[in-house]
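Read the structure below first, then the notes.
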């Protein structure tokens, strides 16, 4: 089965930034994503316990390489200063490129 | 520490397709997997809220490269037409290959 | 946007081993991690249902390559014999290396 | 008119109001939601309460008198499922998979609808036969099983005729098709019967029967007094989910929308009349009618997604939850209550004549 | 003295004791926690109960008499928010973002505090006006909206003055800034109004109003009798979260700590006096005072994180939840009750003189 | 015979029936399950209810009379743990880790078992001493701490003897071993004491003691009247988990299966007799016996997995939850009740003779 190379962008952030991220994705015509709540530890200390607003979420987006750089730049510029965010990119292979 | 290259197959699908996927894995003598419920957005719209049956799940399987192609082909053929499914493959390194 | 290569270590283990893993990370001066509960199947059978203590958790750590080998060795040596643990390593690109 | 008064007074009960509230909350895109753990637990709780109550009643009355109503309910459910299929396939022009999936969704029963019905009767100060809970349990899988059986038959037939046009001598393939059908059927049968709804319902009926009124006493506050409040909470979530699906109703189309209102009305009134003829009480006849009128929207996707994966789940979930459920609890319940009151005012023997006159 | 007796007897109620217990549990690093689904559900439940109760009361009394108290409450809330801002910015030397965020956190209201207040009054055998629940709902977004409006104004102004020092002719940029502000404001307004707390509260008030005492009867066990027990369970979780934040109080600083105690006291007592002057009952005046004294710690982060992302959430959450909330329910509630008892002992006309004498 | 009647009537209570139902649901592979948030919350709720009740009772009776029974319970628990170890190691041929883990699992106590015991007594119309809740809290960590201490001692000893055979002069390594043991012990001690079960139990006892009957009144509906219903719901989940483990019982082996039935019987009856001799009431003696008979299956894995990671958790969880728990609540509870009734029929002084005659 032939696999096509695309990029997987993973963003771990405070849950209240999720909306902002999805808005940025939309601006780049990306609507597909998968998300789930996670706990975590980092500079801001232990997160994921207590009130809903203080939780972390992971957002994963499979996308073509072309859009990657712009999306990351947008997120870095607008969200890094004010929100708890970590992101990383990995290479993945998919069967149907037309989905992304 | 020496790491051995194996494949990580990640499948994001509607939760009611999980059983079918595990059955297909079993047909290929694969029993090890990790799964968790996720939310998501895609062509079928926002998923993960409301009734249990409408949720997404991620299934992750570490496996040797040999089996990968057959498994993907089986899933594509039998499940792609009727179920909401996305899958991708990545390269990972493991310590103990005998586990997979 | 320039991406820097780092390693993503993913550990899937029984939830009661999470504390031990975080202790080992701390010994290597690593405090940042993301974790979430997962279900799974493997040699020890289906896990994730029933009592809290019997669940699995995934712990993900982004780290520089330098530390990777030592951390894995420590985990292998001290936890593999007594706990249900699976781990794998992947290559990811990040924007801000100073975070890790 | 009496019916409109009843509809109005039903509309103004907390159960219905909180359901409508949930719909509005979803429409204005509020982030209100009942946490999943709670809304997964509530149906289990409701079914346990229904079952215990039913079991305790059956202990009082014995269960010989249950046999006829149950068999009639099964018969009607099967008949109605076939009827739905014909209407959907012929008039609605749905494909065979969607037709069978929808037919059985409406042939099956809705446990939440049943709970609301019980509360409605309580509000009217009317009781119903305890064994109806048992009928609820038995009726759950019946329509599914038939629909799945027929779907698989139809698929096999298609395969067979296709094969025959190619070659004449591979009956073995057909055999394989038949065998697969059997496997699938026995799987679905097992999945249905071990499905959580039926299991907790049957289990609670048996336990209610064993412990009786007296043994129930220490847990009656949880399984009786909290019942209506619990439904109210669940209805918020049901309203939210229904509200989120309102947009999908457009995709459902005019035909299915009409079907989702007319069919339950027809099935439900038949149910009231037949059960009255069988001697059920005023309230019992309403619940019997409700069983036949209700569509399944919790069990249906879980069963049909595996059994008929080719069918579009959006169709059967949206029509059952977004149209039929609200219609049933808001409008049809008072209608059936009025009908039942009407026919229970006359002599049993006259009733039968009445029924025959009106419907035949 | 009477106040100390009251504080002490309040301290020894299950609600306060379980809150303190939660703090201790967190301090000794126990793994005790109320599962998330439960602690997400409880505020919804509490607000539904408050709303239903309020609506039922309003049906009895009509809602004309609600208008003046509500407008006064809105006015005071806005005034206080501005006042907070000046104090925080000028005396506290906080930056403009933190100042506005904190100002509105303390200008807004806390629904959990309100629940505890109702239980406190119940314990004292005192009732309060039902329409206070409606004021609670309306007051929720008021302070936020003003703070956000002012923050955006200030930011636009900064941008404008910066621009003007560079060139004189790009008014268009300022227009864009203004437009963005409007978009953001309307977004926040919508988010606030469709926020789950307000939606469930307003919905329940309306439903309570419709169903009245009689319609409430079948669900009163869930929405009335379980109320105090439910708060107790929620207070365990509140205590745990407050306890986990105790360390952060150091980071909050002396100034904000003092602010978090003095400001609510001031606001609360003003609230008691003004509402007494408006004719509210003993209990109603306490609840009115509590509305003004309370700070928002559930809604605040959800709204402010989007509206003023530059502000440090740790500041407003920690001070509201870790300092003001315990202070309000343990100390200020008895104080306000004593003040209200005092001023309700005199004639209404005398009271007004009394107020003017003491505060002006 | 009386015992069989009692077992039978116990078997037919909702608590036991829903437990058996859960087992069956798991065996037929139903997808029924109580959502995790609910089944995590229920033990917290149960312990809070037990603690409040115990604290209120202790306020009435004072707690001087608690001292002797508590010390005796601790002593017996330690003694029994050692006894278990010897039996498991010598007769059962288990390795040292599994032996200590199992020994302490059966030396420790089960809070769920305790809840069921309280309901059982309520059903029999019998009360028990309030301070037993305090003994429950204190007994929780005792057996674990000893087992862990002894395990570490044993491991150090092994290391030491190994070292000595190599070289004579590295006592430092042994010191390190000893130090590690101490660290581990203090860690486990802290983990045990701050474990959620103990924390909520002790906290609730203290709060119950402070608020007394009167302060409890507003929350008694939640923490008293809902108690039995809540256990019933929890028992469904316990049954499901036990049912899922039935297969593992084969792996547990004949020896451990016998141990899991005989040992609790022995410990429990000793407990009844000793506590009767100490002057506890009929019901109190049953609960005292149950404390000693019960095995820990919620706290045990959380503590032992860290303290003795080398032990196989499947052994101690399966035997405690899959064998001993059902045996205790179905069979042993009625037996102990009968024994307690028997010995409470005689004079206290005679009883002591009786005990000495029978057991020595």
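For clarity, chains are labelled A, B, C, D, E and F in written order, and residue numbers in each chain start from 1.
By our rule, a contact is a pair of C-beta atoms (placed from the backbone, for glycine too) under 8 Å apart; a residue touches a chain by one contact, two chains touch by 3 or more.
Everything numeric in this text was worked out from a predicted model, so none of it was measured.
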Chain-contact steps, minimal, separating chain E from chain B: 2
Joint neighbours of chain F and chain B, given as chain labels: C, D
Most distant chain from chain A, judged by the mean position of its C-alpha atoms: F
Contact-richer chain pair (by C-beta pairs counted) among A-C and C-F: A-C
Maximum centroid distance from chain C, chain identifier (CA atoms): D
Interface composition of copies chain A and chain B: same or different, split at half: different
Separation of mean Cα positions, chain C and chain B [Å, integer]: 20
Separation of mean Cα positions, chain E and chain C [Å, integer]: 42
Distance between the centres, which are taken as Cα means, of chain D and chain B, whole angstrom: 34
Overlap residues in chain E, where contacts from two or more other chains coincide: 33, 35-38, 40, 221
For chain A, residues contacting two or more additional chains: 36, 90-91
Chain contact graph, described as a line, ring, star, complete graph or other shape: other
Pairs of chains, among all present, that meet the touch criterion: A-B, A-C, A-E, B-C, B-D, C-F, D-E, D-F, E-F
Touching residues on chain D, where the partner in the complex is chain E: 12-14, 17-18, 21, 24-25, 28-38, 119, 122-123, 221, 225-226, 228-230, 232-233
Interface residues, chain A side, partner chain E - complex: 14, 16-17, 19-20, 49-54, 81-83
Chain E residues within the chain A interface of the complex: 33, 36, 40, 240-241, 244, 297-298, 301-302, 305-306, 309-310, 313, 317
For the chain A and chain C complex, residues of the former touching the latter: 10, 12, 36-43, 56, 58, 69, 72-73, 76, 86-91
Residues of chain D that touch chain F when the two form their complex: 35-38, 40-41, 44-45, 194-196, 199-200, 203, 206-207, 210-211, 215-216, 218-219, 221-223
